[in-house]
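In what follows, structures are represented as structure tokens.
Next come two complexes built around subunit A: one with subunit B, the other with subunit C.
Our next item is the complex of A and B:
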């Protein structure tokens, strides 16, 4: 059996909970970087009128440029967890154990941007991201941080409208989740596929066709009700 | 239907972005075979294009770039097989190329080449083999309107540019200044220069690096879209659930015997309870607790209560023996061993004390001798240099040449040369050249040359050189040379004395 390849990194908390961290690959990260550069450029443009204040204005402008260039990512990462560009791409920076990023890690990560930028346009960073299993650039490796994907994981759960039917005993947690997920997604599946999937489960009871689908949806309704009571 | 349970990457619901991230992870895991395969397919095409374009680097690069789908086809086939655990090797190259470059790939080399969704649409053409109207309908279903495929292609083009420019600049920075340098301007503009060829080759190298990632990202996008459309993850989960249910049902079918026994036990228990209840009216209900305990133990022993777990635990093998060892010692051995150990301890202590005493004695003795020799060595340094000269002279034998020859006869060349050198210094002093204490051989020679003429210096230069060569470089002068040196020296000494 070959090792399974995925972008999820499991990190067990002291409470024994496996947190799945979905690391983000080079393409969304590159786009987030471009977005951040565009935002910074716009800020520079806004700051340029300072130059009418002659030398004083020029000094102020250069100070502001320096601050923007070096502190923009740090401030946003520590404050909001991600720069605006990353936020737009649905990314977030965290420590590699999944905790929110702190000031030291963010500083290291962003100071080492200079190394990742070498020799031109993040050449070293790109190679590091392609080589590393968790898509980390050198700054991430030094600071012990990960860039994660945070959105898109949770689809809104539609209510299951069906008469509850008790499912067979002995269904594991994953099977129950799959049944719930089937009820939510069955409308988006083609009819033939929907029936084919439902018949996998109802083989024992002998239900065929739409009857099988209705039965599995009934189980889902039963399971969902149980969950709602539990959460109350 | 594919055997989904053999998939190397877990099939779960992923959005498009996560899908292409999975592609990068896949390409990273399979990079080497994919990269080699890319070069295998690009080499013949590249050589052919070299002749077709008349060795023009810019046209050659354009042709290689345009023909990219040809090298990406086999990569895609390889990746699609590898996903389900089948690694194609060297022997499968033929099938790989036949499946990877079919005739229906042609649109991708013509009008579809400049499309920005190539990596996502190629699996549809190559893996599903649809054509014409069916293919168009399928494309419509599969494309969900997300721009990820477009962004993927755009970003991958830029990755190629970044890798190419980084490579060129890296070469430019790292090649030492003495070697022929890469002319960066010519590398980009002058297509007649060798630098341009370097740049073109660097670009092809960048193609080769990015291609596996691009192909796998498109393939993973296709996978995640199909997983979403066909609920592959649900199929896997349902099949697993069906298997566990069937197992449970089989267990149920095998149980009747145990069930019956259990039922009987329950009946007995109920009867017992009834008996006890009826007995309670007249006497103590705990009249026969032993019987009830046995009954309870029997009931609890049924497989319906509790469960049997098989747990594998690593146990160190040696630990048992280690614990057993001290027990195996014969009774009388322990005091003997203790005695041995304590006597060994005292012996070691005694040895240590003796060593310390010996050391102290040695230090005292050495200190006495050292102090004596230091005192002796210090005296001449304190004495004025004028006094030391006669001492040196005094220790010299009267007839230098004779003494040197005697040394030579004894085979003591070192003594001979040393004597000659010291005598020369003494003679210099005699001739009025002040040689300070601690002057090196070279300094003596320079001092002598400053005040004496060439003729007055006589064989001094040769003597000093011979001495230096012998003392520092272990160059042994031959006897004839030494003999001539002694003769010259004797003449010099005699001549020097004349004016005095």
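Our next item is the complex of A and C:
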């Protein structure tokens, strides 16, 4: 649970637990930006015919352009948590404590886009993103915000159903976790990979092939459910 | 307790919590059908789930279960700690108290912004009034020509070029918003370049406005120019100076963070600076209304100067006095 080489940033909540925030890197953010630019261009095109409404239409069009240029990201971030482009890429903007972004922070990070854009096509922003551990551009640093990956429902875990087998004595916590993790994931692994991993775990007893797989599943069952096979 | 017992004992609780989350995540659509869920119980349920997550980790239950509980806790956290401001009352309170208060707290930055805008403006104004050539150090002949045309007393609508004469006030309003609020936002943001960007924008705008004023007064177009700018000037110029001052705050955090790290100083100053930018943007909105619907109107010069003077007094009183005395910590 404590990955050392990962983009997960841990944040302690008032309940005293560590929640992991998955920070998004420059590539999905750049793609989201491109999507947003396309959406905005489309809106510009749709709004341009307002000009035929003569002067009132021209005024409306200029106001709309102003909104698209400056307020588009702010409105969507405060309202939905992300601009449409970010949403499509599965990103979300939050405060650095993981709470949904509010108006002041969103204003700061989006107005400072002007500087991140310098000198050309987000040059400064890209350098900042690549230098920072949490992929923050200057606007994010000043506003105290993060761009996260929203994980759609993660993989369902397989049930541990084998008959319990007593594991060797003196298993460390890490080894127990590895065994349990194997049992939960084994259905999703290819047969060869399953056997390979199981043989690593059963090195001491020297089981090979499916025998090793069955043994590890038995251990997992023992760890998760105990010796007695309870009636289900 | 073994994992299976733990899961069996708590499964009903987790199910109830999941239903609550689906309801909360669902937004308006889920909210329309009468709720079967007990929202009052959400905070307690959430903290129980957090406890379960911590327990599962310390008892070394399976990574899959830990991940599930982590996911449940994470989804609830978002909802429990959501900040939901009441927009209208917050906006009113913001302009009535927060903005002038924060501005007074950063009086030094404000006066620096004012100085960076007005001193070059004054100097350039006097210089351009005395010397016919000096305006060409800022603008080329075409620009000067356009400027003269804008304020030619023969114009029906001063302050608008010949091709914009036919535009309605509303069209000009859109143009002023886009242009002026954009300048305000930019002069804030460029403050992140160690404050230099804001200072440059302020000085540059000051020089240009000064040159235009001096040059036009020299040409005897002063009548149209001064009556045009007097109405919206107080709000517009002050707001631009305030936006620049907000940018200077960012620069100060980077150059002289004091006893904080630069990042911490930047965050703290940015929080105040964005209040200034928001207030300045609303002032610019007001300025655009005045500029579009009043400044080019045909009221007599005396009335226009009176309105301009009243504007300066109003701005000074507002920035100096609003939000004093009440300490409700809004």
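The rule we apply is simple: the second predicted complex is superposed on the first by the 164 of 232 C-alpha atoms of A that agree within 3 Å, B and C clash if a C-alpha of one lies under 4 Å from a C-alpha of the other, contacts with A are read in each partner's own complex, and residues count from 1 in each chain.
Heads up, the rule we're going with is that contacts are C-beta pairs under 8 Å (C-beta built on N, C-alpha and C of every residue); 3 or more make two chains touch, one makes a residue touch a chain.
Fair warning: this is a prediction, and the values are worked out from it, not measured in the lab.
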Subunit B versus subunit C as contact partner of A:148, first or second or both or neither: neither
Partner chain(s) touched by A:204 [first = subunit B, second = subunit C, both, neither]: first
Which superposed partner A:128 touches (first subunit B, second subunit C, both, neither): neither
First, second, both or neither for A:193, with subunit B first and subunit C second: first
First (subunit B), second (subunit C), both or neither touched by A:181: both
Touched partner set for A:61, first subunit B, second subunit C, both or neither: second
Partner chain in contact with A:213 - subunit B first, subunit C second, else both or neither: neither
Subunit C-contacting residues of subunit A that also contact subunit B: 177, 181, 185
Partner subunit C, residues of subunit A touching it in the complex: 1, 13, 15-17, 19-20, 54-56, 58-63, 65-66, 69-70, 97-100, 102-104, 107-108, 111-115, 138, 141-144, 151, 154, 157, 160, 173, 176-177, 180-181, 183-185, 220, 223-226, 230
Subunit A-touching residues of subunit C, taken from the complex the two chains share: 2-5, 46-47, 50-51, 53-54, 57, 60-68, 70-71, 73-74, 77-78, 81-83, 85, 166-168, 170-175, 177-178, 181-182, 185-186, 188-190, 192-193, 197, 250, 263, 266-267, 270-271, 273-275, 277-278
Subunit B residues within the subunit A interface of the complex: 8-10, 13, 15, 17-18, 20-26, 28-29, 85, 151-152, 155-156, 158-159, 161-163, 165-167, 169-170, 173, 209, 213, 217, 229-231, 233-235, 237-242, 244-246, 248-249
Of subunit A, residues touching subunit B in the complex: 2, 4-8, 22-28, 30-31, 89-90, 119-124, 126-127, 130-131, 133, 135, 149, 152, 168-172, 174-175, 177-178, 181-182, 185, 189-190, 193, 197, 200-201, 203-204
